[in-house]
Amino acid sequence: MNDEAERSLFAAPVMAEQERMVEAILFATAEPVTVAELVSRLPLGCDPAEALAHLRRRYEGRGVRVVKVGDAWAFRTAPDLGHLMQKETVETRKLSRAAIETLAIIAYHQPCTRAEIEEIRGVAVSRGTVDQLLEMEWIRFGRRRMTPGRPITFVVTEPFLDHFGLESARDLPGLKELRAAGLLDNRALPGGLTEPDPDEGEDVAGQSELFED
Amino acid sequence: MNDEAERSLFAAPVMAEQERMVEAILFATAEPVTVAELVSRLPLGCDPAEALAHLRRRYEGRGVRVVKVGDAWAFRTAPDLGHLMQKETVETRKLSRAAIETLAIIAYHQPCTRAEIEEIRGVAVSRGTVDQLLEMEWIRFGRRRMTPGRPITFVVTEPFLDHFGLESARDLPGLKELRAAGLLDNRALPGGLTEPDPDEGEDVAGQSELFED
Amino acid sequence: MAETDWDKPDETSVEARLAAEALIVDVEGYEGPLDLLLTLSRTQKVDLRRISVLQLAEQYLAFVDQAKVLRIELAADYLVMAAWLAYLKSRLLLPPDPTDAGPSAEDLAAHLAFQLERLQAMREAAARLMARDQKGRDFFARGLPEDVMRLRRTVWTASLLDLMQAYARIRTKDDFRPYAMDRVHVYTMEQALERMRGLIGYAGDWTDLVTYLPEGWEADPARRRSATAAHFAASLELAKRGQIEMRQGEAFAPIQIRRRPDA
């Protein structure tokens, strides 16, 4: 007993203690630590290489691991837990007016080309707006129109119907109902505008395309 | 085998895995992490409190330890290894005697008004002293006292607990003895002679508020 | 009395004199009367709860007297405390007055003892706190933190009502004629500038600005106002360019312009 106490005054700490020391140093140091540096920081006679080997084994399969970075050593998150180091924040934002109007036109007039959307809105439709709606998967590309230029059409999607709680685009209320619901002034529609009703649209062909797939 | 795989698709990860995850999250940051934050970052159905208990035991006697700081948890190096860390030691600004005493009074009497600090020390508290402690984030403003003048109170913070290795303000050294000796009572001068104290007579409320947050 | 002690050093022990001197020299070092009283109480070498407040009051008063002899400026609160202790001392020495309804001298003394004990306790607590292991000195946080990557995802949303309102808005917008300014009676600054540029070459002498107003714009008040404003703004522009000079005799007097002689 006395012998051992005396010896420890002069000899290096036991390996378990050396391992603790290396563990603390690797943990607290702001950059990876070389063996040479460990030698200089541990008490005389220590064997950091061996302590490191022990430490490395101890952390095998743990949430963090002892890894070699160049010729230095550091603690790193286990690669399979990398996803825990990400934190996703979800921000809910209202669609812009341009996007909601474009979406409404596509919903009521589908299949609908970009030129038609622009005609109805009276302003150009920005690429970003269409891309945003495509990305949200509320609209998708429909068939090409069999007209000069063969323009691509847009239609609304299943996720769109889901989001708005509709069984089909035909369930969208017509202008008459909008007016009855107070969403429209009870004013005569300007001449020439047909009462839009997805059911009786001129584009019967388009309608039939609608829920094809 | 198949059973287990199937179960793990729906159930929370096994405890050993949860422990690894908590280990990785705590290891990755220098700041204490709350249980609420762990819950939000771990897969659904995990029990971070239990995982923490396992983890804490696992690191007992190691070079780093799992410590509790208020409502949060962190890895910290074992205090007996501090001597290996001269390189990491940060020279903290030396606090004046007034600042140290003010800090102690707030810690032991919180929530505590400026008038109470002045009554205990018998001198005015300089603005600079309070500002310094606020700036170090060791104290912060607490609730206002519901007494004439509605004086603001001070309380100690989580960084304070972290700095002094305290789990909570209840663990302040000698707190129980001081309270038992009545030295934390806000005892008023008999008869209200001399030294007007705006918070006088309100001591009971003050004490009950103690360590509320 | 302290004075006597000071004047006849032979009568005091060297030790006591040194102690007294230490107090005087350190007067600035005390953090107020309470701090000083706490220091004085240590000379009694007893538990603060069993301290003799009477003796303490005498020590304090002696200290204040000595400070006066040495012409040391004592802050007001030291003198307030001295007055209070003198009062307390007299109350402690006199037999209690049964007609006095206020707190007893013993209560006051006990409170002072409590204050001293509490200050002493807080000092010890502060010392114990500072003696604890401290972060960044005795134990350390992770030196190489791996930051949590924050991903921000935006979810766009709209209600059916938004959709229908948007559609209703588009289908009814033709009902509204966009607001347009009636330009028939407006004379623009550009027009005025154009016009004046052609005429200014002839204005070698001071000429009233109103004479520049074009035909058909002088009579109707609305047109006259618009043309005048336009010509005035155009004149300012020309003056800025250094082509003309402007003058006005007094407020509301006619504004006159002329070509700059060197322009």
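A, B and C label the chains in the order they appear, each numbered from 1.
Following the convention adopted for this analysis, a contact is a pair of C-beta atoms (placed from the backbone, for glycine too) under 8 Å apart; a residue touches a chain by one contact, two chains touch by 3 or more.
What you are looking at is a predicted structure, and each value in this text was computed from that prediction instead of being measured.
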Innermost chain, taking as reference the mean of every protein Cα atom displayed: B
Quick one: which chain's Cα centre is the longest way from subunit C's? A
Centroid distance [mean C-alpha coordinates] between subunit C and subunit B, Å: 30
What whole-Å value do you get for the distance between subunit A and subunit C if each is reduced to the mean of its CA atoms? 45
From the mean C-alpha coordinate of subunit A to that of subunit B, what's the distance rounded to whole Å? 36
Of all the residues in subunit A, which ones touch at least 2 other chains? 24, 27-30, 75, 77, 85, 87
What positions in subunit C touch 2 or more of the other chains? 140-143, 146-148
Would you pull the subunit C residues touching subunit A in the complex into a rising list? 140-144, 146-175
List of subunit A residues in touch with subunit C within their complex: 24, 27-32, 74-77, 85-95, 97, 99-101, 103-105, 107-108, 120-122, 132, 136, 163-166, 172-173, 175, 178, 181, 183-185, 187, 189-190, 193, 196
Applying the document's contact rule, which stretches of subunit B touch subunit A when the two form their complex? 19-25, 27-28, 41-42, 61-64, 75, 77-78, 81, 84-85, 87-88
Going by the contact rule at the top, pick out the subunit C residues touching subunit B in the complex. 31-35, 77, 80, 84, 102-104, 107-108, 110-111, 114-115, 117-119, 121-126, 128-130, 132-143, 145-148
